[in-house]
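Common to both upcoming complexes is chain A, partnered first by chain B, then by chain C.
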Partner chain A sequence: MFRWILTCFLIPMGQGAIWANNILVCPTCPVFSVKEGIRLADPCDTVTVDGGHFAEGNLLIDKELWLIGKNWPVLDGEGKTEIITVASNHVHIESFKIENVGTSYTEDRAAIRLREVSDFCIKNNQLKNAFFGIYSQHSKNGIIEGNTVHGEAKEEVSSGNAIHLWYCDNVKIINNWTSGHRDGIYLEFVNSSTIKGNLSEHNVRYGLHFMFSNDDNYLQNTFRNNGAGVAVMYSKRIGMHGNLFEKNWGPSAFGLLLKEIHDSEIEGNQFQENTVGIFAETSNRIVYSKNNFIQNGWAMRISGGCQNLQITSNNFIGNSFDLAVHTSGVDNKFDGNFWSDYAGYDLDHNGIGDVPHRPMKLFSHVVSQTPESMVLLRSLFIDILNFSEKVSPIFTPENVVDNQPRMKKWTVVSTVKTTNNALPNPPLPGKFLQPAMNSQEGAENHLK
Partner chain B sequence: MRKAIMPLAITCLLVACQPAPQPLSLGQDVCAHCKMTIVDEQFAAELVTTKSKVFKFDAIECMMAFLKENDQSNYALYLVRDFESPKDWQDATTSSYLISKEIPSPMGGYLSAWNNEQSASKMQANKGGEVHTWAEIVTLFEE
Partner chain C sequence: MFKILKYSFFDLIRSRWTYIYCGFYMLFTFSLLWLSSDLSKVVISLMNVVLLLCPLIATMFGVMYYYNSREFTELLLAQPVKRTSIFLGQYLGVAASLSASWAIGVGLPFIIYGVFGSAQAGNFLMLLLIGVVLSFVFSAIAFFIALKNENRIKGFGLAILAWLFFAVIYDGILLLSLSIFSEYPLEKFSLIASVLNPIDLSRILILLKLDISALMGFTGAVFRKFLGTGLGMAVSMIVLAMWVVLPILSIRMVAIRKDF
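Up next is the complex of A and B:
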C-alpha cells in the first residue's frame, strides 16, 4: 500500500509537481460518458461520476484509477455484457449501482471482474440482477467491502455466485450482503483470506463455499435461509469463529458441511434451527468448542473417516438429535459439553454430572440408515428403544460418551450479536456497518 | 375386469424394473460423492444400477471418483449432459469429453461432456485442452 502511495503521489511530484486529477463525469457535464472519463484519466487520477444512468457496455479499466460514484450513478449492462473489467493494479471502485448482467452458459459474466490484479478495493457498491457479482481471478491483496449483491435466482439455478474468488491470495471480504445467487461467497484456491461480518441469505446453494482453499478465516458472519449454510471442502487450516448459522432447512440442507477438511477450529458459533447443524465427512483434527447448537434436527452428524475430533465445551439445547456418529474413528473426544437431554445428577456439586452421558441415541442411528423411520419419532416404542440402548449400548459406538457432562450451560459469548445485529435491517446506501479492518483484532476480542 | 388387472400389473412391474434415467431436481438433489447440492446441469452426471437405484453427481469427476471407490459391475446406465444443451441426459459411454483449464467444472476436474466429437473439438479449438472418449476418461481417473 505504501509503495502505491509513493508511486501515485510522491514520484510524480518529484518529476514536476503533477498532482492526480479529478475528472468529473455526469449527464450534463462536458464529459458525459464513463468510458470517456476513464479514457481521459491518467494513471492515479480519480474519476468521479455524479448521478446518471450509463449503459455503455463493457468498461475496461486498464490503469491505476479511483472510480468514485456520487448520488448513486447506475452502470447498466442491459442484460448483454459484463460491466466493469479491471485489468490494472491499484483500482478503487466505490458507490456505484451496477445492474443487469446477462446470463450466459459459456462465459461467466460478472458485474465487476478483477483479472490478474493486486491491491484492489471494491467498496459500497450495489449490484443488482448480476449473473456473477464480483468475480476475482488470479488476484491478490484486495478488499471487497460493504457491497450489496442481489440476484433474482429465487428458484432458478442459472445463476452465478455473488462474490466469486478463484486463485486469489490475501483478500478481505467484509460486511457484504449477498442474496439470490448460487453461492453467496465462493472461494476456490483462495489462501490467507478473511471473510468477516457478511450476511448471506436466500442463496440457492451455499451461503459461503470453500473449495481447495487453505489458511482462511471466517468470523462473525450470518448465514440464513440458504440452500445450505456453509460448505468447507478439500481445505486445510480454516478458522471459523463467532458465526451464526440459522434456518437452513431442507432435505439436503446443512448449517455447515465439512468434507475432507483438516486442522481447523470451529469455535463460538451458533447453529440454530437447521436440519443438520454440522455434517462432517472425512474431516480430521478439528476442534469444536464453545458452540451453541439450538433447536436443530441434528446438531451434528459425523460420518465416516473422522479422527482426532475434539467436541468440548459446547451447548446442545433442544435438538431432536444431538449427535449421530458413524465412524469408529480413534481419539475423538466428547467431554465437558452441556446437554439439555442429560438426565444425570451431581451429588458432589462440582458442576459436572456424576454419570457419563451418551449423546447418541439408538434412533438417530436407525434414522440415518432408514430415513423413512422418522415417522416413529416421539413414539413410546422409540423411547423404550433409546432407553434400553442407553443402559447397554450395542449399536451406538461405545466411545461416543461424555464423561464430564456439565450441569449448567456454558455462557458462549457470541460476537455475531454485536456485529450483525443491524442486519435484519439490511445495510442501506451510505449506512454501511462500520468496517473493522483488522480481522485479527476481531478474532482476538472474540476469544476473550 | 379381473382379467385386465393381471396383465396390467405385470406390465407395470416390468416397466418399473427397467432401469430408467431420473430427472434432476436442481437445488434439491445432492451429489452422492461430494454431498454438494447439484445446481449446475451442465456438469451433472447420473448412474443407474441394474436394480434401478439412482446416484446423482454434481460433476463428472465426482461420478468417476465414485466409480473408482465402489463396485463397478452393476450399473445399467451411465449418464451425462451435453455442455451446450444440458437439458437432457445422454449416454456417457458414447459422449465425448473435453478437459480444458478454461472451463472450470464444480469439483476442479475441468471436465465437460459433449454430444459428439465435432462440438467438443470446436470448443477445444476455442478454449484449448484435450478431447477424450469415455474409455480414455475411465482410465484417466483410475490412475
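Up next is the complex of A and C:
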C-alpha cells in the first residue's frame, strides 16, 4: 500500500507534469468514451470523467490508474453486464454512480469487481440496483470507503451481497452504507481486516457476515433492521467494539450470531430491540464486557459447547429474558453485571448487591426444554412459577449466577481504538454523511 | 326480560362498587399513560391486568350480586314473569355494567391520549373487546355456579376455584402435558388447548397483535398462521362466543328446573 502511494500519488504530486497525465472524458470532449479513456491512459495516469451517462458494457481496468468522477458520471450496465473489472494493482476509483448490473443465476456479476489485485481504493461511489456491489476476490491491502450500495433485493436466492470479499487480506471497509442486498457486508476467508463506521440496514439476510475469517476487527458499525443482524461463523480472534445492533426483529432474527468463534472480544456494543441480542453456539474463550442489552426478547442465548465465557460489566435492561444458558460449560463467569430485574439490596453501600443474582428465569429454562411452552408467555402461572423459583432455585443451572450484581448501571465507555487509516478522509458529499453520522451516533451512545 | 335487565343495570350503576371498579381502571390507565407515553407498552401492561382482573372481578361480582339480590328475585318470581327472563335479565345487567365500567375506565384515558390517531388503535380495540368478552364469560360462569348452590360459602368457593382453574391451574396442566409429551409435535395440541381456555385465547390474541410474538418462534408462527387468517379469527371469536353462550344455556336450564 505504502509503495503504491509513493509511486502513484506522491511522485506524481511532485513531478506530475512530467510523469502522470490527466485524461479528461466527457460527452462533449474529444474523448467521449470511458473505455477509450482507459485505453489511452498510460500506467499511473488519471482518467477524469466529467458528468454524462455511459453505457459501455464491461470496463476492464488492466493498468495502474486513477479513475475519478466529477459531477457524478453514471456508468450504466443496463441490466446486462458486470460494469467495472479491476485486474491491475494500484487502482483508485472515486465518485461514480454505477447502476443496473442485473441479476444472473449463472455468474456473480458485480458493479465493481476486484480480481486478484492489491493496493486498491474504491471511494465515495454510489452503487444502485447492483446484483453484487463491490466484489473483491483474492485481493489485499485495499480500502473501500464511503460508498453507498443500495439494492432492491426481495429474497435470498435471487440477490447478491453489497460488499463481498473472498480470500482477501488487510482490507479496510469504512463508512459505507449498504441496504437492500442479501448480506450488507460479506467476508469469507478474509484476514486482518477492519470494518468501521458502516451502516448496514434492510438487508435480506445479514448485515455483516463472517465466514472463516480471522484476526478482523469491526468497530462502530450500525446494523439495523436486517433479516438477522450479524453472523460471525468459524472465525478466530475477532474484535467487535462499539457497534450498534438494533431492531433485528422477527421469528428467527438475532442481533449477533456467533458460531464456532474462539478467542474473541465483544465490548462496548449496544443491542437494542432484537429478538435475540446474542446467540452463541460452540464459541469458546469469549469476553463480553461493557455491552448494553436493552429491550431485547432474549439478551443472550448461550447454546451448547460454550466454555470460558466471561460475561462481565454489562447492562441488562428491560429484556423479556436476560439469559438463556443451555450449556453445562465449565468456567463461565457472569459476575459484575447490572440486571434491571435484580431485586436484592446493598447494605454496605459498596455498589455491589449483597445477594447473588440468578439471571436465568425458570421459564427460560422450561422454554429451552419444550419450545412449545412459549405459548404460556406472560401468563399468570408463569409469573408465579418464576417467582417461586427465584425464592428457592432448583431447576435453573447452578453455575449461572452473578455473585457481584451491580446496583447501578455501568456507564458503558467505548474503548474503541482508532484505526490506523493512512489516507486522509475527504469531505464527504452530503448524502454520504448520513451513514457516517449514524454510526458515530451509535458510538457516542456508548460514550455516554 | 329487558325491563329486568334495565332494573339490574341501573341498580348496579348506582352502586358504589361499580364506580370504584371503573375509577380504578381509569386511575390505573391514566397513570400508565402518564408514566410511559408509548401506547403499545401501555397496551401490554393493561393486557396483564385485563387477563387477571376482568375474570376475577366478574366472577366475584356475579356471585355476590346473585346472592345479594335473592330477595328481589323471589319477589319477581311471584310475578307473572318468565323465569328465564328474570335470570337472564339479571345476568345481562351485571355483565353489561361490568363491561361498561371496563370500557369507560380504560377507553376514556386512551381516547383522551388520542389513540385513534395512532397505529395502536387496532390493538386498543382488541384489548377493549377482550375485556368485555371476559366480563361476559366469567359473570355467566359465576351466575351458573351461584344458581346451582344455595349455600353461599360453597358458591363463593366454587366461583373462586373456577377462576383459579382458568387463570392458573389450566396453564399448569398445559405446561405439564407439554413437557411430558415433548417428544411429540405439539404445535397443534398447544394451539387447540389454548384456544379452549378463554383467558389463554385472549392472551394469545393480544400477544399476536403485538410484535412480541416474534419471541414465540416456530410455535408462534403456527399460531400466527392459524389465528392470523380470517378462519382462525372466526374460530377464536366463535370459541369466545361459545364461552358466553354455553354458561347462559346452563343458566337457563338450571333456572327452569330450580326449586325455590
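Note that the second predicted complex is superposed on the first by the 388 of 448 C-alpha atoms of A that agree within 3 Å, B and C clash if a C-alpha of one lies under 4 Å from a C-alpha of the other, contacts with A are read in each partner's own complex, and residues count from 1 in each chain.
The rule is short, and it goes like this: a contact is a pair of C-beta atoms (placed from the backbone, for glycine too) under 8 Å apart; a residue touches a chain by one contact, two chains touch by 3 or more.
The structure presented is a predicted model; accordingly, all values stated were derived computationally and were not measured.
Bringing the complexes onto one copy of chain A puts chain B beside chain C with no clash.
In the superposition on chain A, A:Pro251 makes contact with both chain B and chain C.
Put simply, if you stand at the Cα centre of chain A and look at the Cα centres of chain B and chain C, the angle between them is 70 degrees to the nearest 10. Of the two partner chains placed by the overlay, only chain C lies in contact with A:Thr370; chain B stays clear of it. Look at A:Val204: by the touch rule set out above, it reaches chain B but stays clear of chain C.
By the touch criterion stated above, A:Thr275 is placed in contact with chain C alone, chain B being left untouched. Residue contacts after overlaying the shared chain place A:Met233 against chain B, while chain C stays out of touching range. In the superposed model, A:Met360 makes contact with neither chain B nor chain C.
Of the two partner chains placed by the overlay, only chain B lies in contact with A:Phe212; chain C stays clear of it. Of all C-alpha pairs linking chain B and chain C after the chain A fit, the shortest spans 8 Å.
In the superposition on chain A, chain A positions 250-252 are in contact with chain B in one complex as well as with chain C in the other. Of all residues in chain C, only 47-48, 51-52, 167-169, 171-172, 174-175, 178-179, 182, 186-187, 189-191, 194, 199-200, 203-204, 207, 211-212, 214-221, 223 touch chain A in the complex they form. Against chain B, in their complex, chain A makes its touches with residues 105-106, 155, 157, 166, 182, 188, 204-206, 211-212, 227-228, 231, 233-234, 250-252, 257, 259, 279, 281. Interface of chain A with chain C (complex): residues 249-253, 275, 297-298, 320, 366, 369-382, 384. The touching residues of chain B, counted against chain A in their complex, run 26-30, 34-37, 39-42, 84, 86, 104, 107-108.
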